[in-house]
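Labels A, B and C are assigned to the chains in the order they are written; within every chain, residues are numbered from 1.
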Amino acid sequence: MLLEINDLHVYYKSYWYTLKVLNGVWLRLDRGERIGVIGESGSGKTTLLKSILKILPQNGMIPRGEIRYDGKDILKLSGNELSKIRRKEIGMIFQDPMAALNPVFKIKDQLYDILKYKMMIEGHNPSSKELYEEASKIFSDVRLPDPDRVLESYPFQLSGGMRQRVMIAMALISAEKLLLADEPTTNLDVTIQDQILKLIHRLVMQKNLSTILVSHALGMVYQMTDRVYVLYAGDIMEEARTRELFSHPKHPYTQLLVASTPRLSSVGVGEGIKGKLPDYRNPPAGCRFAPRCPYVMDKCINTKPGKIQVNREHVVSCYLYD
Amino acid sequence: MQKTSVQELKFIELERKIKRENWRRMWFRFKKSKLSILGLSMILVLLFMAVFADYVAPYPSHAGLHIAFKNAYKPPSLEYILGTDMYGRDVFSRIIFGFRYAFMMIGLVLSLVAPTGVILGLLAGYYRGTVIEAIIVRLSDIFISLPPLVLALSIASILEPNIFNAMMAVSLMWWPWYVKLTYSMTVSLRNEPFILAAESQGASTLHILFKELLPIQLGTILTKVTLDAGWIILIGAAISFVGLGAQPPTPELGTMVSEYSKYLPEYWWMSLGPAAGIILIILAFNLLGDGVRDVFAGE
Amino acid sequence: MSLLLPLRYLSGILKVYYSIVCLWNDTLRLITSRDYKMSQRMEVDGKTALKRLQNYLNNYYFRKIVYSIVTLFGISILIFIIARVLPGDPARLALGPRAPEDVVEQYRKLLRLDQPIYVQYYYWLIDVFHGRFGLSLVTFRDVLTDITEFLPATVELIIFTLIIDIIGAFSLGVLSGRKPNSIIDNSVRIFAYAGIAIPSFVWAIILQLVLANWLDLLPAYGRLSLGIEVKRITGLVTIDSLLSGNLIAFGDAVAHLIIPSLSLAIGCIAQEARILRANLIENVNKDYVLNMYAHGIPGSTIFFKYALKPSMIPTVTIMTLDMASMLGNAFLVELIFNWPGLSRYGITAMLRKDLNAIVGVVLVIGLAYTIASIIIDLVVSYLDPRVRHRR
């Protein structure tokens, strides 16, 4: 077991209210396994990934829960151990590379800093020549031509695809064990989406990385993952092997989600389902999907359903299968 | 026939309800910040004092020329809250009358400047690429290329020094900032689909300017108006302080600070009183302006 | 008739001015539209003199400078118009009600007030191009001579103010942005409200009263104490005293600078610190900062490198406006501290309705403001590559 998340709660506090975003998320990931997390926009997928690295925004807090990575609880780690994991073991591809690359620094500045601190934890203080060589090596891994030009560029001077490749290169530096990919293709042109997808797939296979792929593009998840978690409004609704989940969805939300996606490659998910995500300031007390659920029962409204084992590798959180 | 009119009535009713609802929501958002409520209540209190200065001030006759040398140079006491000046006038009463001039200045300047600037800005933005735009924009650029206070002082210096001309100088200096604001907003809105649609349906220019372009910008303009009020006081007081605005014995706050500062440091209460009055009124408008900005920024 | 006349002058001058602006714009457009294509083609051939010239003309800063100069002349026209069109006789106003009629008449001739306004302006412009701003009524010297005498004191004051402003704003902004809602942050916030609400002439009076009169820490008036003299080399007393090796005079000059500069700087410090704080707090939660955290880069490196630089851009941008208020407030502060600078000269001229001096001072201040805003523009474009590439 590489990663195990139990009962994770994440709140965002602002001056006037608290957004209760994650509501007891659980998840496990074996070594070398690739899992997907699907759900519509705003259901807390990015928050989940950010809390694994403990990089929530300043108003984010984790009142309860544990994130066991390699046997250690990330939330209780000391600064040194945490930065070792961040520098060497877990890498994250952010959703929007334009937003995740600092607009006023050259790619060089950001990439070299990342490389330098990673090498420093290996007890080695690299020279700028070494940094350059290392960077070109990683760029050729992600198929970025002309490393000199890219290194000297600012993010806004690169095309969307190139930015995403830079982003992946950065994530790969740190991801020696686990890669977190947050909707890596949403902000790209359709033609480039496919290239990036293939690139990530190839790299993951090549380096045998454990991966958590977060997406609302079901087609991508279907192609790339072994197991899938369905996240809705901060709750895990269903967990199953990928094929099983797409062919026999159990939870009403998953059923609607899969049905509302005409083709597997389609992007917009969840729009076909009536209603909106709940208000995180004051979320439903029971199942968070209850207000939109076509099969809603009385007990759904008041109490949250637990994990219900449907078969050996299929867990669903719904009273219909109680 | 009957049916449509009922429906129309319902529609009007609904529209009104939405409007009411909007106001309620804005008030709610404003209310959330205690500081902006503080600013608003400070302004209301000051305004009340300014309007009823004759009844609020302990010595209303001390506002103008009043000489009682036996009371001169008295430090703050129960009788004279902020002390008396070199002629024996109650400083506190004079400050209250000073608020009257301050509010007059705000009212006059803003009511002259905001409509003029907004209309010119709308015209310049709407007639982009024509002579109208060129003239308006170049003209306001000339005004903006000088530090505001320097321009106001130099305009005031050419006019007769009195409070009315100080207001004129501030107004002459201020309008280009409204032109700049509305011009840039109008230019960015000019080619929006809803404007083009209105144009293609034959809406008159007046309709487009005032019914389509203006309402969207109203929030920003209103925010600027409240935030500007404090600055107007500041510039007006500065003009009077230098001696190019209101002349003694007019109880204008800037004039008073300047007049009394000659008696520093011995009779410090005389200048600090009116100075505190200026600070209070600027602070109140700044607090209010922050609240108003939050209300419109949330939209 | 008498009412219509000034209107006719006004429209005449506006027409001339407008045609100048149009001509200028057309020329620019002609040059730039051809230039862009040509410069791309010429890149291969190497730089020719023509291309270099066109590049200069097309340069953002060059255009800005030329446009500001045109605008400055606009200002001089503006003041001319206001002075001549408004009721009242400038010569009479300047000399006072008790001056004999023939003297006023003579002065009127001197100012060419008996001729149409555009003729007056024409002669004034010719004079300016010959380095003459006309005679000052206060000093009976050429205005330019006066300006060169009084300018250094103001330059010294403004530079010292800027130093205090930059140090103060950045340290306070960083302190409060580093730990939002801490005690430091809350006290900075209160200070910021005070700094914005209290005009700098009031700060001047308060600081003078408290620091100079009550606590007797610093001198209250002037540039140098009595008995201390520095030979004029650059006109900046601090630099002159250092050049002549007079350390006592240097200390004295700095002591005299502190209160005036502080009262000019406080408002700007408050404004800039507030903006820097808000931007820091916003940027710390941006994905590009979280991305750096995700790679385990130390917090202080992230804060002082990756969060601070983007936050500085709006802070430096606002300094243009602060510079404007600084130059304006200098008029009052120099008056209060009896500072022998250009602004105090300007105030004296304004109180005496000395038209030539007013126009001269206003033009110099306008030029200084333009230069300052161009420098700030340069700093912003140094900090923000997006701006650099747009230009």
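Here, contacts are C-beta pairs under 8 Å (C-beta built on N, C-alpha and C of every residue); 3 or more make two chains touch, one makes a residue touch a chain.
Because the structure is predicted, anything quoted here is derived from the model rather than measured.
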Farthest chain (mean CA position) relative to chain B: A
Two chains joined by the most C-beta pairs in contact, as defined above: B-C
Intercentroid distance (Cα basis), chain C paired with chain B, Å: 25
Inter-chain centre distance, chain A versus chain C - centres from mean C-alpha coordinates, in Å: 51
Complex interface listing, chain B residues touching chain C: 131, 134-135, 138-139, 141-143, 145-160, 172, 230, 234, 237-238, 241-244, 257, 261, 264-265, 268, 271-272, 275, 278-279, 282-283, 286-287
Residues of chain A defined as touching chain C within the complex: 50, 53, 55, 57-59, 82-88, 90-92, 94-96, 99-105, 110, 113-114, 117-118, 121, 154, 156-157, 170, 173-174
Chain B-touching residues of chain C, taken from the complex the two chains share: 14, 17-18, 21-22, 68, 71-72, 74-75, 78-79, 82-83, 86, 88, 193, 196-199, 201-202, 205-206, 208-209, 213-214, 323-329, 331-332, 335-336, 346-347, 349-351, 353, 355, 358, 362, 365-366, 369-370
Residue ranges of chain C in contact with chain A within the complex: 180, 281, 284-298, 301, 305-306, 309-310, 313, 383-386, 389
